[in-house]
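First, the structure itself, so that you have it in front of you.
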Amino acid sequence: MSSQESYGSRLPYKFLVGLVTIVILFLEAPLIILVIQSFTAESYLAFPPPSYGIRWYKEVLTSEDWLNSISLSLIIAAVVTPLSLVLGTMAAFALDRGPKKLKHGLQTIMIAPMVLPHIVLGLGLFKMALQLDIDDSMLAYIPAHLTITIPFVIISVGASLQTFEVSLEEAARSLGASRFWAVWYITLPIIRPALIAGSIFSFIISFDEFIITFFLTTFQRTLPIEMFSTLMYQVKPSIAAVSTLTLAVTAFLTAMLILRGQVTSGDKVIK
Amino acid sequence: MKKIDKKNNNLNRRTVIKSALGAGALMSTPYFFVKANAASDPKVLNMYNFDGSLGEFYTKHWYNPFIEKFDIKMNHIKLKGSRVPLEKVQAQINAGKPETDVMPMHQDQVIFAQRNNLAMEVDASAIPEFANYYDKGVTKYGPKMVLWCYGLAYNTELVKPAPTSWKVLWDPEYAGKVAVNEGLKDQTLQMVNLAFKGSPYPVDAQTFKHLSDLRPSLVALWSGGADAEQLFRNGEIVMTPFWNGRVTKLRGEGLPLKFATPKEGFFVRSSVYGIPRGAANPELAHEWLNWVIGAGPQKKMVEYGYGTFNKQVEHTAEEAANVIVSDPEVMKYAVSEDFNQILDNGKEWTDMWNKWKSS
Amino acid sequence: MSRNSDQNYGALWLLTPTVLLYLATFFVPLIMLGVLSFARFEASVTTLGFYFDNYVKIFSDGITLKIFFQTVRLSLMITFWCLILGYPVALLMRSCSPKMKMVLLFCVVSPLLTSIIVRNVAWLLILGRTGIINDTLIQWDLISKPLPLMYNEFGVILAVVHVYLSFMVLPLFGALNSINSSIEEAASSLGAPYWRVFLSVTLPLSLPGVMAGCTLVFILSMGVYLTPVIMGGNFVLTLPMLITESVREQYDWPFASAMALMLLLAIGFMVILSSGVQRLVGRR
Amino acid sequence: MSSVELKSIVKKYGAVTAVASIDLSVESGEFVTLLGPSGCGKTTTLRMVAGFIRPTSGTLSIGDVDMTGVPPHQRTVGLVFQNYALFPHMTVRKNVEFGLKMQKVLTSERGPRVQEALELVQLESLGDRMPAELSGGQQQRVALARALVIRPDVLLLDEPFGALDKQLRDHMRVELRELQQKLKISTLFVTHDQDEALSMSDRIVVMSEGKVSQVGKPTEIYEKPQTRFVADFIGRSNILVGKLENKGKTINAEGLILPNKENMTNGDDGVSVMIRPECVKITKPDPKATSASADVKGKVTASIYLGSIVQYSVQIIDGPNLVVTQNNTGFEDLKNLTVGDDVDVSFPDSAIYILPG
């Protein structure tokens, strides 16, 4: 199963571990700094903070602006994530199971929104939303966010479907499961890690989206907009506190997803 | 339906628990599927506001007193930065739905608005307070307000003697400790011209040659006031061209900063508070403009640190030092800018600027 | 592997909801963009029509094209570093215990969990003139003057690699995971040293994952906007920055649209190229 | 009553014909094997029976009901794949139960039926294992139990032993056949392995290039192949092209003179003669015997040792090269036979089979 035995006892394995430790340090350093910063008692950011306190958490948790924007962002991401997962997975299935000769062309089209600069996509969406009178509402944010999250689901699920053994699905169908239930009971559980990766990407991209949402909002403010407008004025430790809070929430959600994915279809089960 | 009403916000904040409950309640209501701004109501004014202490100032001194006095409601739209996003507002106005009733425009934006017919001409008869305003402060699109100066901010402990010329930026002693403004690159270019040519125009190869000389000294090109502030706080820079209001505020927070008006000239800018074409409530917007340019609200702005065109406002010595514009001696060095040129050469200057950056 | 060889056009109906969504949110804006890119922007006023001004400008203004290639170069460097740093992580993830695997996976994804804006502020505190690294190095007398770690290309690449590493590691891990390790064991039992096994077995077999990860990172890097602004001290220019600047400061939508379409075409070209390479690699 | 009946089934992919008009039936309780080289259309045929592929034309009925356009899940067929296709995320028990769940069998009824199916394949103690924890043979049995538990009209097996090693394969072969006969379940079996086909089937359908070459009992297929392809494909054979001579009394097959025991008359164009290698006997020439006692002489040009048998290539003097296999009986007569040795070659008249057509 693992090549631990063949690599394990050797020098390169230790070398690999050393190398990865450095990479992990690089990945986590800014986050650690950020968490420490959020506990500063000063009114500006500096490292290490001269004094510590929970002043900025108090400020954030008692500020209606922050709470509203956090909840708005969470709601949008919570609506967008499952929708994007469903639509993206459907599309990935269509690309995988559809005619082979159309696959590459269609796939390129389906992931194209990912590469369009958001500011121009933002304007286009805004003009549409104005015409339909749905700007500054969920009816605009959700389709807009879906457009940029679905490509990520298509990519991660599509990659997984490519290696999926189709005979499993056929076995289920021969046992009396219709196409839908065969996919539901067999394919989806097996490609679960990809679904989870797609969900994580969708959630995070929606939660962090700034420019398109900036165009679409008037009175409502999502968290990135709130942070950006705060930052445009002053780099205050309150954003470190907000970030730590959202980091805690999203980290929890992500950890849950990773854990669930691992438990049910970890490598013990899949060769 | 959720309206963001600032009236009882910042002053009496709710407790943590209440807010958390509120957030929970918010999630369970279907408010977000409905647009937040309902059809126009003659008693509701939609206004832009800023973040931070300036935003608090607006709420406290320019918005809430008006709300009380005229018994109306007001919705705030928080700006990201100090500029109205005309790239967005243009689309709204063309669709007949500007998001606000009053919009503060930078002077180049006024020209853009004029050319694209984005702002309505104000009815001067509905603004009798213009009588107390300097003529320079009156435009056909509305009054100019919030005067600010663009000079040199420096760290008093690390820059000695106090600078009097833009050329100090080129001083090798401060190499690697200065920055210039990317966000308002037109002002940076004009500043370079002032330092070496005595006049802000024309922006040409010469200008960029001087900028190239400065290049090794530059730590960064900052985009907004917050960036520059962070550069000062982190000790990355000791001086930069900057605006006076922010220096006043930072000095108040204990930073050893001072604002200098170089002898080659400095810039004074203000914003025109106009009414977008198709605004939902132009009458009330006129009322507010008339009220806000009065001596009372204008005096408050002077106390905060920005200048006014209202003749009746008296300045204390400290206020005068902060706002700069009330001192005729200093104002002799103020340079007038050609905003048509700034707007029309925007692309060309940006191209030259980008070439300079990537050379 | 018995793949259904039927040309299953029926499966395409699954695309309908996404295609309908894209019609409204992507294709229509794209058409608007196309129309705008042929408009003329003169004296701050946009006139619709069929002018090639903007496209001519891209190729003749002496800077847009240059910055476009600079963006490609920057993206290639980011992709390269993501691959160099991501491969060992994916390799280790494959051969470590399931528990460790989860920890590594979480670590790799975690930079995505903070807002891009805030992440960059944190870098400022680490890489700045008085940041942790410079302070420490000066304290240890290793350097006398602070190193320029940010407000340059290095800072931009570092910050972008930091967040896009996960987009490299996940496909890489997927590809490595599907390699039957008995092939490698067979190779090493034949006496091949570990680096040989890696170069002649592991690496070639993981190439589809490498291609997928590189394409993803490259595409995303071509679109970076905020990070160069903050981490590059505005010295590092990318095409998305030009596009944004054109919109924000000159309100010149026609030119911005033309640049955006050019970016889209370039990236589309890359995608097609990489899927072609992937097909070649996959065929073997 | 026939369990499966295919009438003029054709499957085309664009211009390529995968299956060209097949007629085939599996009678109730019968074990029918589709045998052929890869690409002959046997798997396509099986998949059409299962419902994964829709025939271009023709009709297909299962249990005397027309099923031509019916999707797979509405056919009661039990399918076992070459790679078993066990659901990796479910236990053995859940795997077997899946079909019952899909057919909405009551929960209370499912337990006993799963247990029964597991007992049938002797896996009752491994119900809670995951498929990855089982050996190849065990996985194979789970796949079988899973297919049988839904009590299908017909059991379809697609090269089910392909992934097993030789010994296990032989064992499973016997086991499967016993099970099939015990349950009297109609079975359609696809393989390219003639040993499997010959040892298990009631009837064999030999396929080639999308067509049926021959249908018959294993003995018929082996002993009386109807075409040269069948003769070639099933078992080893020497196929010689011959001409009638001597007024039709003998056949001259590439220099070997054989009696025309079938009394072919119209052999001017030539006939194909098959002689199975195991029917030929070779002996070291007896130095004491007179030269007339042996009709045919040859020289060993190659020998392959295969354990229970030894395969020789023998060049007949003035005749063809014959493949000859001899049982490795341990008797001394063949022990020291090596390449280059002269041998006497003989075979009974019954070993000579003249291919029709």
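A, B, C and D label the chains in the order they appear, each numbered from 1.
The rule is simple: a residue touches a chain if its C-beta (ideal position, glycine included) is under 8 Å from a C-beta of that chain, and two chains touch if they have at least 3 such contacts.
Small disclaimer: the values here were computed from a predicted structure and weren't measured.
For the pairs A-B and A-C, the count of C-beta pairs in contact is higher at A-C. Distance from chain A peaks, on a Cα-centroid basis, for D. Averaging C-alpha coordinates per chain places the centre of chain A 36 Å away from that of chain B. Chain B and chain D have centres, each the mean of its CA atoms, that are 88 Å apart. Chain C and chain D have CA centres that are 55 Å apart. With centres defined as mean CA coordinates, chain C is found 16 Å away from chain A.
Contact with two or more other chains is made by residues 2, 4, 124-125, 131, 247, 253 of chain C.
Residues of chain A in contact with two or more other chains: 45-46, 123, 127, 165, 167, 170, 228, 231, 235, 268. Residue positions of chain B touching 2 or more other chains: 85, 87, 230, 234.
Of all residues in chain A, those touching chain D in their complex are 165, 167-168, 170-179, 181-182, 185-186, 189-190, 264-265, 268-271. Those residues of chain C lying in contact with chain A across their complex are 1-4, 7-9, 11-15, 17-18, 21-22, 24-26, 28-30, 32-33, 85-86, 88-89, 91-92, 94-96, 98, 101-102, 104-119, 121-126, 131-132, 162, 165, 170-171, 174, 177-178, 181, 184-185, 188, 194-195, 212, 216, 219-220, 222-223, 225-226, 240, 243-244, 247, 253, 256-257, 260, 263-264, 267-268, 271-272, 275, 279. Partner chain C is touched in their complex by these residues of chain A: 1-4, 6-8, 10, 12-13, 16-17, 19-20, 23-24, 26-31, 33-34, 37, 45-47, 87-88, 90-91, 93-102, 104, 106-121, 123-125, 127-128, 143-144, 146-147, 150, 155-156, 159-160, 163, 165-167, 170, 194, 197, 200-201, 204, 208, 210-211, 223-224, 227-228, 231, 235, 239-240, 242-243, 246-247, 250-251, 254-255, 258-259, 262, 266-268.
For chain B in complex with chain C, the touching residues are 85-87, 90, 111-112, 115-116, 179, 182, 219-223, 227, 230, 234-236, 343-344, 346-347, 350-351, 354-355, 357-358. Chain A contributes residues 43-46, 58, 61-65, 67-68, 70-72, 74-75, 123, 126-127, 130-131, 133-139, 214-215, 218-221, 225-226, 228-235 to its touches with chain B in the complex.
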